[in-house]
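After this come two complexes, each holding chain A, first together with chain B and then together with chain C.
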Partner chain A sequence: MSTYSDASAAIAPLPKARRATGFGGVLPALAFVAIFFIAPVAVLLLRSVLEPVPGFGNYAQLIGSATYLKIFANTFIVSGLVTAISLLIGFPVAWALAIMPGRLTSVIFAILLLSMWTNLLARTYAWMVLLQRTGLINKMLIGMGLIDKPLALVNNLTGVTIGMTYIMLPFIILPLYGVIRKIDPSTLQAAALCGANRWQCLTRVLLPLAMPGMAAGALMVFVMSLGYFVTPSLLGGTANMMLAELIAQFVQSLVNWGMGGAAALVLLVVTLSLYAVQLRFVGNQNPGGR
Partner chain B sequence: MKTTFAFAAVAAFVAVSVPAHADNMVFSSWGGTTQDAQKAAWASPFTEKTGITVVQDGPTDYGKLKAMVEAGQVTWDVVDVEGDYAAQAGKNGQLEKLDFSVIDKSKLDPRFVTDYSVGSFYYSFVIGCNADAVSACPKTWADLFDTAKFPGKRTFYKWSAPGVIEAALLADGVAADKLYPLDLDRAFKKLDTIKSDIVWWSGGAQSQQLLASAEAPFGSVWNGRMTALAASGIKTETSWEQNITAADSLVVPKGSPNVEAAMKFIAMATSAEPQAALAKATGYAPINVDSAKLMDPETAKTLPDQQTASQVNADMNYWADNRDAIGEKWYAWQAK
Partner chain C sequence: MLLNFDRLGWWKYILLTITLLTAAFLLLPIVFIAALSFGSSQWLIFPPPGWTLQWYSELFADPRWLESAWTSFKIAVIVTVLSVLLGLVTSFGLVRGSFLFRDALKALFLTPMILPVVVLAVALYAFFLRIGLGGTLIGFVISHLVLALPFSILSISSALEGFDKSIEDAAVLCGASPLEAKIRVTLPAISHGLFSAAVFSFLTSWDEVVVAIFMSSPTLQTLPVKVWATLRQDLTPVVAAASTLLILLTIILMALVAVVRKVLKQ
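Here is the complex of A and B:
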């Protein structure tokens, strides 16, 4: 009880204080970031250049080995593929959600969120059961006479892409929905009145206006995919091992923290650079020239 | 006033926490049915006898263990680890020396005893098969590598650990007593011949699922999983021909706050009765040589310690010394 009232008492005067001091208000947040984010990254950086011997040997080994380069390439190919497919599926869904009647929208949102809140491992195992050679999908396709030999849908790139796209979809639909909902439908009517056909309405009005949402969603999905572990580990084969799995191997099993740190830092640097690029990109595309 | 209060608070805290400390210890293992069995067979009788509560934690994570020891903040007192890791960590100074005045090692299988570790239970990689799904089950490692005679997918352990490389070499005709040092190039060449037919399992539950669903109707799996699979009603066949054994080990991380309790716990866990109880529950073999006579013959028959005639021992010391180098080559080959 008392904690609650204390908390509200502490929160209440905050807006005034922030306005008055500016920087002081963000100090706790900065301290939090420093302790829980910057310090561990610094330790990781140190380990990557100090273990097992001081120097840049770990990085040289990472970049010099065809295996590790292939794992980097796998990581980007899978992430790119998942992002592209998520956009292709997510955009029409977000658009439909934005123009649907309210009650139906909430049903679809409930489905989306429930799937998001279900245990990741359980969902991944469910896909494994569905996709395997003796699984439901293959049995159905064979039963319908469409194929006569089961398709290899799992333990390969196909399985990883299907599983990850499914898990990533909400992260692209939700931001897109937010942006699309804000687009004034009369802009499309105006375009049509000015003689634009459907394709032109889509490519010259709707897509540019939805760009910030697409970019934000795509970046989120791409970055999350880069570090994904469970789904690729369970649904993938070893030929498309991704970076997160390699890092887990270094840290947990081989107990080679120098290499693990180096790989993790490369991943972090790539992610941050992508974020910087995206900030510029979205800045230019932002409608209304804010 | 304030100081007095703080002092009193600290004193009260110490007073409360010290006895609690002495009555508690933490055991970390791999979770799932094995840890449930360890809790029932070892921890419960231990608490009954000594009054020391055993808190269960896990899953075991070597990265976490290393972090604890390095930071001097050890929260695990006894840890179930893989044998090759135990040998390596002991050499690297991350473990407490075991106190063999408390732990009676005269009854323990000497294959699984070092200065820093004793066996927890021992298992075999066997050739498991879902007999409902195929017309014939492979009997030898050579069969498992013969895609002409036994077409279809086969499953193997995904990680760099004793098991698969040994199986490949045995399949290629290397004699069991000439396995070490492992000829990695030869093993990978043999593995290349079936690479596109391999489905990897990364955990015991997955291997069971792959066999049960016939996604991969046969493969190299831990024998305990075959016991569990047979119990689930599936018609299984297990070939013990050249079963490759390795053991899990019990270790005490360096700097454990409850070393004394940890030694007592290990002494209890490795004694005949609790070892027999664990074996009965899991299908893995006891490392106490007196346990077998405490079990009914039906159960004892299904355990790896009854299959020693054609048993192949994975060399934990070799693996400990070469863990990193093998790991690097293993993952490079897998990713190719």
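Here is the complex of A and C:
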């Protein structure tokens, strides 16, 4: 009898009085995240206004120094370049994937996913070797007669941009693919019927309809690039430091927690505000940066 | 017509060319590394003058490589188990429960996915220095779990959302205890979510570099940290061999996911 009443209680819609059901389930994770995520990050940020002396001295120093400003500028330039190039390449690819016949599409999807999931260091290492002075890319360019002597492709802006674009491409192609797939072909037929030529169809119908996806994808790539650490520090030279590496350097080699925390806060604020912008464009589509 | 491949006219060929070039661009480094790892040139000349297994034997002869691979594996397995268990309990709470700030909590659990990893790495580094967990296995596990848990919660809760709770209730009605119904009815039904949670968690931990750089000590480092440290000194082909093995593992795991998804769908 009691089993029966238990079951009917389970089937019945949740009574309003039992408000906080299931909270016990999230408690362990909440405790874990609070202790090992929120608290450490909060403490780090606090240290930026407490060390070495309380106040905003660290921030003044960050903004006041030409070296640090150059690193901020470089971070934004690299991220902007990577975003622009990814968008330029990613749009046609996503478009083709959305309409191409099945077999080829699945092969290209497999390649996309493989490159996305292949170890980051393995891919970065590959580019370090490929882009060397004596590397395959330089050899091919010389072989084709395009250049006489090897170009400097690594330890500079070119290297970082190539390596990061390579990593970000799947992150822009996949969401764009989803958006273009959802566009109703009849809107384009209607435009054509009304006399639009191919170019007009592209610029006045397809591109505007794909715009939310492009904006979301571009923002995501931009934000991920801002916080990237591994690829820029291996492919960029010392003259091309980015924000993430600056944070690491403050903490690891200079043991300056105040400045490290201040730089981290700058990165966090920019990241979170751009995510807030993205959430307004289209709901949530992650994943985060390495 | 722009969305009909056959009616694109000559635009079709432009699109196709860009797509194939991009696919080649994405594939190039992966194939290149695999080829180099068998090349006989120490200077990473391509095409290599000959083929050899020398770099693999160097890799397997060096106890430090093996040790770091074993460390990585241990950490990844522990992280996977914890991440799936914690993700499961949390997802039940998030999907089935009803309490204040439920959506806000879910968003909070997913934030480690979007925050720049370097911030978390530096913050945990400071924290662990203070409580003596820096350079320890527990420190690694905790920090990787912070990064893996969001993937786990996301996969499991979306599987749970797609599961019709009345089936579980029916089991209870037929005499199963609520726990028994969950274990024998609900868990098998959401096993694809559990499986992706496990794979994502494993790969997140196994491939993690940034946090690991800060967590590692001279005596305890993961495979990616070992690769990182080696790369900073020189571009030896041994790294190509290590990288190829990492890539191989990724392909195996991806194939496994594809197969398991197919099986579970039937």
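Throughout what follows, the second predicted complex is superposed on the first by the 235 of 290 C-alpha atoms of A that agree within 3 Å, B and C clash if a C-alpha of one lies under 4 Å from a C-alpha of the other, contacts with A are read in each partner's own complex, and residues count from 1 in each chain.
The criterion applied here is as follows: contacts are C-beta pairs under 8 Å (C-beta built on N, C-alpha and C of every residue); 3 or more make two chains touch, one makes a residue touch a chain.
What you see is a predicted model, and the numbers here were worked out from it, not measured in a lab.
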If you stack the two complexes on chain A, which partner ends up touching A:A98: first (chain B), second (chain C), both, or neither? second
Go through the superposed model and pick first if A:V129 touches only chain B, second if only chain C, both, or neither. both
Is the number of chain A residues in contact higher for chain B or for chain C? C
Which partner does A:I71 contact after superposing on A: first (chain B), second (chain C), both, neither? first
Have a look at where A:Q249 lands relative to chain B and chain C in the superposition and call it first, second, both or neither. first
Which of the two partners, first being chain B and second being chain C, lies in contact with A:W257: first, second, both, or neither? both
Thinking of the overlay built on chain A, is A:L50 touched by chain B (first), by chain C (second), by both, or by neither? neither
Touching A:L157 in the superposition: chain B (first), chain C (second), both, neither? neither
Who does A:F36 touch here: chain B (first), chain C (second), both, or neither? second
Jot down the residues of chain A that show up as touching in both complexes, chain B in one and chain C in the other. 128-129, 132, 134-135, 234, 251-252, 257
Touching chain A in the complex, chain B uses residues 61-64, 66, 153, 158-160, 199-200, 202, 206, 209, 213-215, 323-324, 327, 331-332, 334-336
Within the complex, which stretch of chain A touches chain B? 65-67, 70-71, 74, 128-129, 132-135, 154-155, 233-234, 237-239, 241, 246, 249, 251-257
Note: in the complex, chain A contacts chain C through residues 3-4, 6-8, 10-11, 14, 19-30, 32-33, 36-37, 39-41, 43-44, 47, 89, 92-93, 95-101, 107-108, 111-115, 117-130, 132, 134-136, 139, 166, 169-170, 180, 183, 185, 188-189, 192, 198, 201-202, 205-206, 223, 226-230, 234, 244, 247-248, 251-252, 257, 260, 264, 267-268, 271, 275, 284, 286-290
Residue numbers on chain C that touch chain A, as the complex places them: 1-5, 8-9, 11, 14-16, 18-19, 22-23, 25-30, 32-33, 36, 43-46, 86-87, 89-94, 96-100, 105, 108-127, 142-143, 145-146, 149, 151, 153, 166, 169, 172-173, 175, 178, 203, 207-210, 213-214, 224, 227-228, 231-232, 235, 239-240, 243-244, 246-247, 250-251, 253-254
